[in-house]
Structures are given as C-alpha cells and as structure tokens.
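This is the structure, below, for whatever I ask next.
Here the chain labels run A, B, C and D in written order, and each chain numbers its own residues starting at 1.
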Amino acid sequence: MSQKSLSDLNVCSKADFVAALANVFEYSPWIAEQAASARPFAGVNALFAAMKAAVDGAGPDHRLALIKAHPDLADKTQRAAGLTAESSAEQNSVGLDRLSDAEYEAFERVNNAYRAKFGFPYIVCVRRYTKDSVLCDFELRLRNDASTEMQASIGEIFRIAALRLDQLVTADDRLSVHGRLSTHVLDTHSGKPAAGISVVLTELSDLGEARVVARAITNSDGRTDQPLIGGRPVPIGRYELMFAVGTYFAGRGVSLSDPPFLDQIPLRFSVSDPEGHLHVPLLVTPWSYTTYRGS
Amino acid sequence: MSQKSLSDLNVCSKADFVAALANVFEYSPWIAEQAASARPFAGVNALFAAMKAAVDGAGPDHRLALIKAHPDLADKTQRAAGLTAESSAEQNSVGLDRLSDAEYEAFERVNNAYRAKFGFPYIVCVRRYTKDSVLCDFELRLRNDASTEMQASIGEIFRIAALRLDQLVTADDRLSVHGRLSTHVLDTHSGKPAAGISVVLTELSDLGEARVVARAITNSDGRTDQPLIGGRPVPIGRYELMFAVGTYFAGRGVSLSDPPFLDQIPLRFSVSDPEGHLHVPLLVTPWSYTTYRGS
Amino acid sequence: MSQKSLSDLNVCSKADFVAALANVFEYSPWIAEQAASARPFAGVNALFAAMKAAVDGAGPDHRLALIKAHPDLADKTQRAAGLTAESSAEQNSVGLDRLSDAEYEAFERVNNAYRAKFGFPYIVCVRRYTKDSVLCDFELRLRNDASTEMQASIGEIFRIAALRLDQLVTADDRLSVHGRLSTHVLDTHSGKPAAGISVVLTELSDLGEARVVARAITNSDGRTDQPLIGGRPVPIGRYELMFAVGTYFAGRGVSLSDPPFLDQIPLRFSVSDPEGHLHVPLLVTPWSYTTYRGS
Amino acid sequence: MSQKSLSDLNVCSKADFVAALANVFEYSPWIAEQAASARPFAGVNALFAAMKAAVDGAGPDHRLALIKAHPDLADKTQRAAGLTAESSAEQNSVGLDRLSDAEYEAFERVNNAYRAKFGFPYIVCVRRYTKDSVLCDFELRLRNDASTEMQASIGEIFRIAALRLDQLVTADDRLSVHGRLSTHVLDTHSGKPAAGISVVLTELSDLGEARVVARAITNSDGRTDQPLIGGRPVPIGRYELMFAVGTYFAGRGVSLSDPPFLDQIPLRFSVSDPEGHLHVPLLVTPWSYTTYRGS
C-alpha cells in the first residue's frame, strides 16, 4: 500500500480516490465514496472528519455491517483464509501471529464468549495494546451491554482508521495518533547527564514471556537518540526499564562497595495513554535514585 | 547443642568446659582446652579472644590440621558420612543441601580445583553468603597463592567460630556477628508513613531460581515489625524488595491512571557488609519514588 | 517552684497538696482542693483528669472566674503589677517580654478588641506558639462568638495546666505535652550519613526579626545529638533550617564548581502539631537534594 | 548604536567599517582597521577571530595601551567625564551606577590597590558578574603577578568585545556569548506539570540588598514562557528561586495541614558558567520536594 499525497487525492478521479482509501475502514469502500464528494480537503484531519461523518450518518444496519466486516482477533481460520493486509500487519504488531497455546486458548475463549453474547466480533485497535492489555480490555468489555459495545466498536474502528490513514496519506497536518515514551538519566553524583548507560525496555506479561521492546545507550545529554517508543501509539501495558548504572559508575572510577549497592536498576510502570508523551527519567548516584512521571 | 551461660563455663570443670566448646572450631577441641586455662572470662568477647589466641599461637602444622578438619562445601559423600551438626546447619542455611544438578556441578568443579591447587578444602563462613556469592568468592580465592589462602581460611574459621560461639554461650556482652536489613515506606502524597503495604524480599540468583527470603506488611509507622533480616549476618548477595504500592494507593481512594502508573515497585540492591545495618527506604507517591542507602 | 513526686502528693496533708498545686490553674486553688479528695492517683494522667473533672463540673460562674483569673498577654501594666511566676515564664518563653513597639501595639490592639467583644481576656497556651502564630490565632478567635470562646479558653487553660503539671510533678507516667523536631542528613554522594554539617534552625517572622532557635553539628550518624526542639511543645509557626553543605563537601575533597552550585541549603516549613514528632531530613549531593516530612 | 548586517559590513567602505566597529574594543579603532583588510567574512565568528588576531599580533605597548584605554569600574570622576556609551551601559547593567556608600568604598579601595600594584585599571567583563562576584574576582586577581594580569585583562577585553559585537552585528551565525537559566515544576502529587506557580528569582548579596531579577508564572507545561535569564550571560553569583507552592496546592483543593507544611520553597544555588545552560527543576508534593542541577 503506497503512500498518497493529500494534494493528489484532492484532484484525482473519484474511482482512484476510493481505491486508495477503500480499506481505511475494513472492507468498507462506501465510506471513502461518501467522503469523496466533500473534496477538496484542507488537511488530513478534515479528510478523516469527513469519513467519520459518513459512518456517523449511516443507519444502524450499515454500522452493524461495518462492525461485522472485521475479523476476529487471533483467529487461525481467518488468518489462513486471508485478512486484509492492514488487519494482518496490525495483529502481527502486537504478536497475535505468534501466540503460545495457552495464549491462543485464552483468545479463543473470549472471542467465542463475545460473539455468543453480542453476535459480532470483538473489535479493538490492537496497535494501542499489548497482548496482555488486549485480553484485559476484552474481559472488561464482555461485561457491557450490546448498545455500549456497538458504540465502543465504532470508537475502536475510528482509531484503527486514523492509524491507517496516517500511514497512507501525506499532508501538511498530522492526525494525533502517535505517542512517545522517553527517558533521561541524570548523574547527580557528578551533576551531569549520564552518557553511555545501557537502557533496555521490556514489555512485561502475565500470560507469556517478557519481550524486549527497545535497547539504547544514553547520549551525551543523558537521553536516547530516538524515543524508546515513538512514531506510533505507545501500547497500553506494563513495562520495565533497566539501567546498567553499576557499569557506568565503575567506568567513571567512582568508589563503590563490592558488590556495588546499585547495579541494574529496574523501573516498572504502566502506560495508560497511548497518544500521550510519557517521560520516565532517572536521577541517580551509586547510593540513591529517584524516578517520576515527567513531561 | 544447648546454650551455656558464661558464668557456668567460668566455674565448671575443665572437662565440661572443653566438652561444651569442642566444636566451636570444627573437630578441634584443643583450642577450647588451651583457652580453658585463661578462665574466668569477663565476657564472651574475652572468651573468643582467648580461643583466637590459641589458634594464632599454634604452629603451622596445627593450623593446617585445623583447616583440613573442615568438610568440603556441598560434598554429597561427606554429607552422607556425617558432618558436625554445626557444619550441616550452616551449609543448609544457605541452601547447599538442595542444590540443582547444575549448581552441584559448579560447586564440585571449584571444590576439586581448589583442593588440587592448595591441598586443603575451601573454607568460607557460609552464613555470610548466598549460593551465588559463595561461588563468586570461590572463583576469586582460587586465584590466590597458598599463603594468602592459609590466611584467608583462618579468617573464615574465626568467623564461623564467632557465630557458633554466639549461638552457644549467653553472656552480658555480645559478639558483633549480626547485621540487619530494614525498610521504611513514606507516603509523600499524604505526608505520612505508609501502613499496610506488602513487602517481599527476594534473593536473586544467576545460577538458580530467585528465593523469597521475607514477607511483611508495613505497620502504622511505615516499617516492618521485625527487620527483614536480623539476628544473623545479612548474606552478601543481590536482592530485590518488591512494594505493592498500587493496591495501597487504590485502597486510599487516590485518583490513579488505569492501569496505575506505579503498581509493584522493585528495588534491586546488593549487600556487601553482612554485619552492618543496611536500611533501604522508599519515598513514594502514585507518580514518583525515591530510594537510597540509609542508616 | 520545686518538683514534687506523685507518691508524696498522694500521702501528704490536703493543705500541702493544695499548696503544691495551687497555681497549676492560674490563681485557682479550688481546683486542687476538689481533686485532693480523689487521692491516691495511679499516675499524673489520673491526677490531671481529676483536675479537669473539677473544672468541667464547676458552674458557669466558676468557669468564668477561672478565665478572668488569667492576665492579658503582653500587658505592661500587669507585668509591672506582677504575674504568677508561671505566667511570667510562659510569656517570656515566646518573647512577649521583649516586644518591639510595633509588636506591642499589635498585641494591645487585639487584646483590647477581644476584651471589648467578650468581656474576658484572650487566653492561649503560649508555649505552643511563636509571636507570629499567637497573633494569627488571636485574629481567628476574635471572629468567634462568646460561647465558642468560653470553650476555647477552657481548652487552652487545660493545655497550660498540663504543661505546668508536667514540670511540677514527677511520676512513672508522663502527660503527652511534648513534641519533637529533628533532622537527619544523608550524603547520597558517598552513601553515608553526613557528619560535621552545621545546622541552624531559625524561627521566621512577618512581624519582627527572624530568631535563631537552635544550632547544632551533625554527628557520625548524620543526626544532631539532641532534637532541634524537644522536651517541650514545638511552637506552631514558620521555620527555616539552614545546612552548610558547601563547606562539608569541600572538606571531603569532592570536585565542585566555583562557586559551588549548592552552599547553604535552606529548608522552609511550618509546624502545625506542637505535640507531634516532626522529622525533616535532607538527602544531599553537591548537585541535588531532597527533603520530606518524615516520621 | 544601531545594528549593522555583516553583509553590509563586508561591502561598505573601510571608513564606514571602522566607524561602525570602532568601540567594539574600547577607544581602539585600530583593531577594526586591521581587521578590515581581511574582508569579506563568512560569519561574525570569523570577523571576531580577525579582530582578536589583530590584538594578539600587536606589540606589548599596543596591548598595554588597549588595557589603559579602559575606565576604572565604578569611578565617579570618570563617570562624570564620560565613558563610552558601551562602558556606561555595561557598568549600569550590573548596578555600578547605583552603589551604596559602603559598596562604593569597597570598589574604590580595590581599584586603588589594583592600580597601585599594576599601573593599569582592573578590567572585567561585568556582564558576566554580579556586584558581589565582581568584588570577589577583584580580590582574587589582586593576588596575581603583572604578567598574569596582562593576560587576564586581554581575556576579559575579548569577552567584552564579543558581547558588543554580538549586539552590534547581525549575521547568520552567532557568537557563543549567551547562557540560560531555566526552571520546571513537576507536581508529583498529581503526576502533572504544575501550572500557575509564582516563581521569583533573586540575586543574593553579601554587600548590599538582594535584588529581584525575574518574576514569572509557570505555564501548562510547568515551565516559564521565557527563560528566567536568557539572551545574555547568566552572571556568576548566588541566587534564590522562590516557588509559591502553598497557594498552588491550596488552589487545587489538596488536603493540607494548617499552616501548610510547605508554603514558599526557596532554592539557593550559584552560577559558575555564564555561557552554560543551567536548569533548576522542582519536583514537589505538599510534603516533600527534590531539586537538582539539570540540563
């Protein structure tokens, strides 16, 4: 799926416009068709608003059809039969293509329970979740009534669409679909940023194994050159940041105990706002440290 | 082995004195015999000094015999053949009676290497170590020359003897053989000690599995009723303290994110001074925390 | 006024008992007289309870007379005419014998306003206040109605009496009339208590000049040998603690900027609970520090 | 003195070039004259390098004449007789035009001592200092020998010239003559930046009165819209930042003691690097705070 510029989309034929945006909403080209008539768009936010308006203006049957056009999460039969390329990439991003048997069973159980209760598939914008937090959300939503779930499903479909549109269309403006997770290490023993510290970000899991998400070395400003997570939503979930401060202080010739009081420092925290900027700094000496949710 | 009062030991027959203290130094009653003539003792420190003087005054052959009277660490044959009750309890305290196969092989390897190099067993005061830190010490000491190791062995024998004597003899004074590990949780969100927080202390291991050492709930002063480790040496090694702060703040009705930014807070640190007092406090809000080596 | 033991007071003549305790309540020996009949007392708390019961059981006229038996605060005519030794010592403790003209006028103004409104003097347990916080309390209480102020005056009279009784009578138990203000300096640059740091405690004032309350040097445990304030109530008010950390770190040969980033560190805080234990620690490196209300 | 663009200076007549830059070095147009022949300059750094090269290449007599062309600091006779506009503005920036009698005498004393010892005036780039730190520098430099002071004077003249040139000439590049002092307030009680906090920056003085340098209110990011000091060197000296956190937390409806434990929080620190970026953040709850030299 190649990127299109908004300026091209504003002037191309309606057929090309629809073809380009057909799968922004899963298997539902009618939404692009309706939005086409509102061209030209000042920006991608305006385009997205027009597509959302088409959904909001559709009757209950159309909305239900839109919901039913989505695949089950982690369904092996559907995977074999073929998801859209977009669905497939999204599900893989969170690891749904490589579930353990236990995980697969957990997903199958909630999928079946959800379908049995509501008659349509559980839809969630998986790029905003980890495997663990998807299952957790699943359990919570199973308790809702059907009308609440119709609403919730449309909300998730909009989030999925926004991320697809963001990847597909280039424009002067951007949709607010990306968050950021960053860190900063201050060496309060020397009063300077701590350079050269190894930082490892791990996604924690109750279900399966912890998974390393990012590895970095702090630069001369005590930061990582790139955000630990950036340019995408920061998945809701539990994380651990590990800082190799023992090696750092030993390398600076600082007098330490043997073994050093602090060596690998773990910071555990949860992400709750995938589109926000979460900053988790570390102020550290060989004998103390402080962390906080920064901004 | 029942406790004796120093006042009784000061006045009993020499034979009874020697019988009571025969195994303070492993299979070496001659040390108690020599010390007996210096009675009466003002305190247990004076008694211990007299026993050390007997060792220090002995010739090289006697000192070597004393060293050779000790068993190998974690040696299954010797365990079957019978250790002194004291040796057995000491080795069990650090888990040497329940080694995994991999651990057993690691110990056997260094034991053999040590005996091959020096001609006498590796002696260490195991109550001051964890399985991991014993092996680490073992590797370091293997690099020494024989004379350094003779010295080191006598030093460790003195530490073993001091702990045995401390358990065996009651007196007005105490030997300085006990350390302490404590914590304290301050809730800097409400400005009060944090009561009712679950605290779990785990001994970390590279070789085998982590092992829970202590569990406690903080009291109204934010402390644990008993030290996490106390009344004995705090073994050299790596530890993790885990504080269940998410449950605590949720229970106080504090507004949190979902999931809470902080839930289980791990503090990882090493112990390097088994006879010292190590205080590891936590200052915490739902959004920040600080720890430091306190006193 | 010499100290009496409770055991003596329990067995002496009623006349001696009354003479000893006559001024625990200002110029009101009838309270001691009534309490005398409840002898013997198990402790000083029981004695105090009996005296309070006498006041609580007295009719409105007696209670008003008790209130009126008290002097005005900082009244020069009354000071010349003679206060009880107790009143005089109490007023002097907070500096009411050395008011500036501006302060004197401020006190005269509120005294007159209070008398004009209620017909009896403003009574406060001055040992629990600073000059500034007394005036602040005065202004607040001026807004009350007469019945609330009768109640408040009796409450303050009880506090005054408790402190007088605490100084006068020795017993196995103690009245809870003393608070404590303490500090602790942890050097998180070296991981040890900071010894030899100069600490100065100043009482801040809006009205007049700041006043040094205590000077101390931290000991080897990073604490002061005595509490900064102890053995008495910690007066409600605003304070500043000043820590000479620049000199400390320079003396340890730590590499600093010129001039040092941190030199004299001021911590400003207020006391609100005179009978509580307020602990104000400092965790400090040459480049950072943390303080908190400890316990 | 109106600003010139470097491109104009590169092409104008030599006479105009010299006229424009005559007082970049005090009363010493010969420096601009020599630099003129190296035109055109790629940037203002290249221009400044050419002017410094003219000074460095001049003989000892010329260098001494350059030094002697400078006025005494805070000399009333010279002020009446007329300083260059540049000198006058520089001396006024640090308050040398409004000295108290005691301060004036202190300056006169060191000026005279310096002239008596070296035969030329004490020169310092006053924009990099406060009144107090100038006097402190003065005392230190009085102890030097003449050759060291010749060197030091030329160094200070370069710093003065760089600041004059920076103000006078616009170009694509900038001289590195500006520092920055900034702050940031994180409310770790709510886990958010603290908006609406009043911040006052005061320059502390041993000689005279403290002087308010900047007042600001924190914005929604917990920062001040402008740096507290920026677009100029941050004068070497002692400072106090005062944060009105009591009002802030009271305004958020947080439960506080009466009076609040923390109200006005003072942070005292020194600046040692006028061209650096000094960041002094505050992490604060109603019961605790942390500060550190950030970056």
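Heads up, the rule we're going with is that a residue touches a chain if its C-beta (ideal position, glycine included) is under 8 Å from a C-beta of that chain, and two chains touch if they have at least 3 such contacts.
This one's a predicted model, so the numbers in the text were calculated from it and none came from an experiment.
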What are the chains that subunit C and subunit D both touch? A, B
Contact tally winner between A-D and A-B is A-B
Distance between subunit B and subunit D based on Cα centroids, please, to the nearest Å. 59
Centroid of subunit A to centroid of subunit B, CA atoms only: how many Å? 47
Residues in subunit B with touches to at least two other chains are numbered 188, 191, 257, 261, 283, 287-288, 290, 292-293
Using the touch rule from the top, collect the residues of subunit C that touch subunit D in their complex. 133, 236, 238, 257-266, 268-270, 272-273, 287-293
Subunit D-facing residues of subunit B, complex: 188-191, 255, 257, 261, 283, 285-288, 290
Using the touch definition from the top, list the residues of subunit D that touch subunit A in their complex. 186, 188, 191-193, 221-222, 283, 290, 292-295
